[in-house]
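What follows is a set of structures for review.
Consider the two complexes below, in which chain A is the common component and chain B and chain C are the respective partners.
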Partner chain A sequence: MSDVLYLKRKQHIRRAFLFMALLILALSMINDQGGQWHQVWQKLPLLLTGSMEGWPLNGGFILNIFIGIASMAIATVLGLFLGLMMLAKRRWLSLPGRAVMNFLRNAPWLVLLFAMLYLLPYRVELMGWHFTLSPLFKAIVGLSLPTAANFAEVIRGAVNSVHSGQWESARSLGYSQWQIYRIVILPQALRRIIPGWMNLYALLAISTALATVTGVQEVVTLLRTTLATESENSLVYFYITVLLMFFCYCYPIALLARRLENHTKGDAI
Partner chain B sequence: MFGLDFSWLLDPTYQQWLIQGVLQTLELAAISSLFAILIGLLGVYGLLLRRAWLDASIELFVEVFRNTPPLLQMLFFYFTLTQIGLTTLDPVTGLQVPVVSAFMSAVFSLSLFGGALCIEAFRSGFDAVPKATLEAARALGYSRWGMFRHVQVPIAARICLPPLTNVLTNLFKTTSQASVITVPELMYAAGQIYNDTFRTLEVMLFILLVYVVLVSLVVWGIGWVQRALIYPGYGA
Partner chain C sequence: MIDRATSLIELDNIHKSFGKTEVLKGISLQVNKGEAVCIIGPSGSGKSTILRCINGLLPVNEGFIRVGNHRVHELQNEKAMRPLRHQVAMVFQQYNLFPHRSVLDNVMMAPMQVLKHEREEVRERALRLLKKVRLEGKEERYPGELSGGQQQRVAIARALAMHPEIILFDEVTAALDPETVKEVLNTIRELVDEGLTCLLVTHEMRFAREVSHRVCFTDKGKIVEMAPPAQLFDHPQDARTREFLGQVL
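Then we have the complex of A and B:
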């Protein structure tokens, strides 16, 4: 069978799976004998937004998304610095950068999150201003550290994938080191950085479930407190609902990242 | 040092807990890595058969496990597997206990999670096996399984090792989440110790260090295997 036909058939079957999954879900919701879907339906606003009426936004899955975006923002800045540090020619810059990156990448996210929870002080004083560091803030910082390390690695890989001839020709044209980075290398590396960045965001969005250990009212915390009051036979339904939330949010991002990745694959730069 | 108190490390009780935690973590990681690799091989073999429905099913499996939090997967399997109704009489306490322990459900969930990552990692490696080599193998009369075993796996395994390192370290790090379902591994031991000593920061920093050392050892070990397996003149 030729490749095109095969892929087309696979696409059909993929659609059939999606259709079947939706059908089974719909049928089990209609034929709701034990009333489990009803229970899920009643708690759905709570799981999504953290309040029973769906407003105001107190937590829930919305908070997961918020944690993800905030951590990603911090991680992007930190990762950029760390990545450029690792790429530096000077060893006193690149060695510490590499050490920090390896440490953060080899540490489990959960343990790092816990460590940040206790490492960051409860109150900080900055230029006469007093801040109270909330568990939410600590969770965001704790999740952004491993993401930053991974992002630094993405940057390093992307910059190294730019052909060395580009460096040489830019240098022979009289560009300075910083100009080469800014004008020649980074714009080309960006094509590879963006898919990696998106993949990382999908990974981070999944990992926001870990923020439950800091006690913030995100979806897993709410799920577990909800389950404590619901009957045991609805447990599976609640879990499937929350798993689906994450899947529906992360899968499109991962899919888009893979598309972009395939676009850049194999182009010689 | 910095007002940190690490004197609890000298207590034999805590040392015992830590050692047991490390052993349990290693056991959990080793067993689930093994199963994950097996699932990965099985999955990639399924992909090579080029049956569209099998391919799509494997893809579904991979995407579901890759795009949901391992923590939730673990909680899900823990509650469903232990409540599935299979109980046995515990000879010690005389109580009905679930057949599936927390450890077993952690292994189950981590194997599936790791397996999904392995399939993804192996796929690229198997794609990189040169077509001409496969045609040559087919011309020599290898069966599909024989070709898989004697030609594709040996070549692809060497290409796969760098991404496999990522997968296995990821899996190793994810074992720390098994503490949430009360598997007595390193992270759980840490919780016990700081509940006892109230030295939360010191315990967590120490545990962080232990994990980093363990994961670095895994990385180094696979790197060693990779260098040992290299075909002279083939690949980098």
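Then we have the complex of A and C:
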């Protein structure tokens, strides 16, 4: 009983400290004219949206989030196909799937990004239409590839973790292979796929900072170009601010994923 | 005693290996319609494997299997197995209910999705079967909320909903505590009394003696002795059978 009280009090005190720290930070940002944090505060719209007034949206952290979501959308579709390919019984399907997955999973993300930058042409012609492949597009594709490979592995692991007795009983009831996947296996695997998918998204959101190598106006590029004129002393504060941005965006996602994961742990078999 | 032509299940010289270990070394067995046959023997003697070969869950390496009109050893893929699976149902040691579906759904799914039977008719059948296994009132529960014995009875209802001619029971009481074993065995006894053809792998010797028409004793991948229960339990002919019964009785 006293243990519970102690833990509760500990939690309260920890929260109070966090709240105080945030309050001091906010106050020094707004009030301390000429201070370092105040300069960060004035440039905050630029970091977030890429323009000083906060509108229009030219880049900045908003662009990072956009890259993350777009890459995740592509990676989800691609990873689903790759995952199902790897699970196929036919070897001519599963072997290439496994090869692609292993190749992409074991490549450094940065190298993949550079590779996309130079591998994808600047202009493509498709059925008489001309497309310009922007650096933004290349960044999105480059980040989605390793994410897709990781997602495929998440799917494979979740499907294989469904107890083999489920296969046996579904087969003995006369279900076809595809029906078993659709009706019995995937619904059970989905509960284990979702936390993995969220973790992957958090990882991807952090990695969008790598997109700076393609030259898009995301937050790290802004730090290195627009803010390069700031004094070296104040630059530290800007970097810390950007780190906090990523943390505030990604940590809650990872936290939620972990909670879901603990939720699904109980239902074995 | 057994007429080959009229038997419902016929196994002849079945061989089955997992990798290099040969699990079944020439199993021959006939089961008549309406007969209850128990398979007993030490663990690892291939009892469960025999059942899985009969409904095609495991392919055999060699031998002849006939169930009704189906020549099981000749069926090449899952699709060809489907008519056989409608005829033969199976109940497992670990129940293997679908945990993401309610009890009623578990019973109704396969008749609707596999046999394409009418929903209302299947629902009626499912409710009747759940009542038969004394689980009325549990229809909307999920398998995880039921006790082992109750789950196993849902599994039996699920198997019966397919209107099988044969049910294979694979050590269905092995994962249950002694008290719930009784409820499950009573359910099986009723099915045997109603004339359903049953093939049971079991460790419950008293139950085997009481319920079955014939008992097979298997050891090291072979059927050592096969006889009516009174004879096999009271006057075992083979030395190995005597030794095994001496240990478990």
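Some notes on this structure:
Methods note: the second predicted complex is superposed on the first by the 237 of 269 C-alpha atoms of A that agree within 3 Å, B and C clash if a C-alpha of one lies under 4 Å from a C-alpha of the other, contacts with A are read in each partner's own complex, and residues count from 1 in each chain.
Quick note on the criterion: contacts are C-beta pairs under 8 Å (C-beta built on N, C-alpha and C of every residue); 3 or more make two chains touch, one makes a residue touch a chain.
The structure presented is a predicted model; accordingly, all values stated were derived computationally and were not measured.
Applying the stated clash criterion after superposition on chain A shows that chain B and chain C can sit side by side.
Touch criterion met: A:Leu235 reaches chain B, while chain C stays clear of it.
Annotation for chain A, partner touching more residues between chain B and chain C: B.
Shared-chain residue A:Phe247: touches chain B; no touch with chain C. Residue contacts after overlaying the shared chain place A:Trp109 against chain B, while chain C stays out of touching range.
By the document's definition of touching, of the two partners only chain C reaches A:Ile183; chain B does not. Applying the stated contact rule after C-alpha superposition, one finds that A:Leu173 touches chain C and leaves chain B untouched. Once chain A of one complex is fitted onto chain A of the other, the partner contacts of A:Leu210 are limited to chain B, with no touch recorded for chain C. After superposing both complexes on chain A, the closest C-alpha pair between chain B and chain C lies 19 Å apart. Residues 1, 6, 9-10, 12-14, 17, 102-103, 106-112, 114-115, 117-119, 202, 206-210, 212-213, 220, 224, 232, 235-236, 239-240, 242-243, 246-247, 250-251, 254 of chain A touch chain B in their complex.
Chain B makes touch with chain A in their complex at residues 50, 52-53, 55-57, 59-60, 63-64, 66-73, 75-76, 79-80, 83, 169, 172-177, 179-180, 187, 190, 200-201, 204-205, 207-208, 211-212, 215-216, 219. Considering their complex, residues 55, 57, 78-79, 81-82, 85-86, 88-90, 92, 94, 96-100, 109-110, 113-115, 144, 155, 158, 162 of chain C touch chain A. In the complex of the two chains, the chain A residues touching chain C come out as 163, 165-166, 168-177, 179, 183-184, 187-188, 267, 269.
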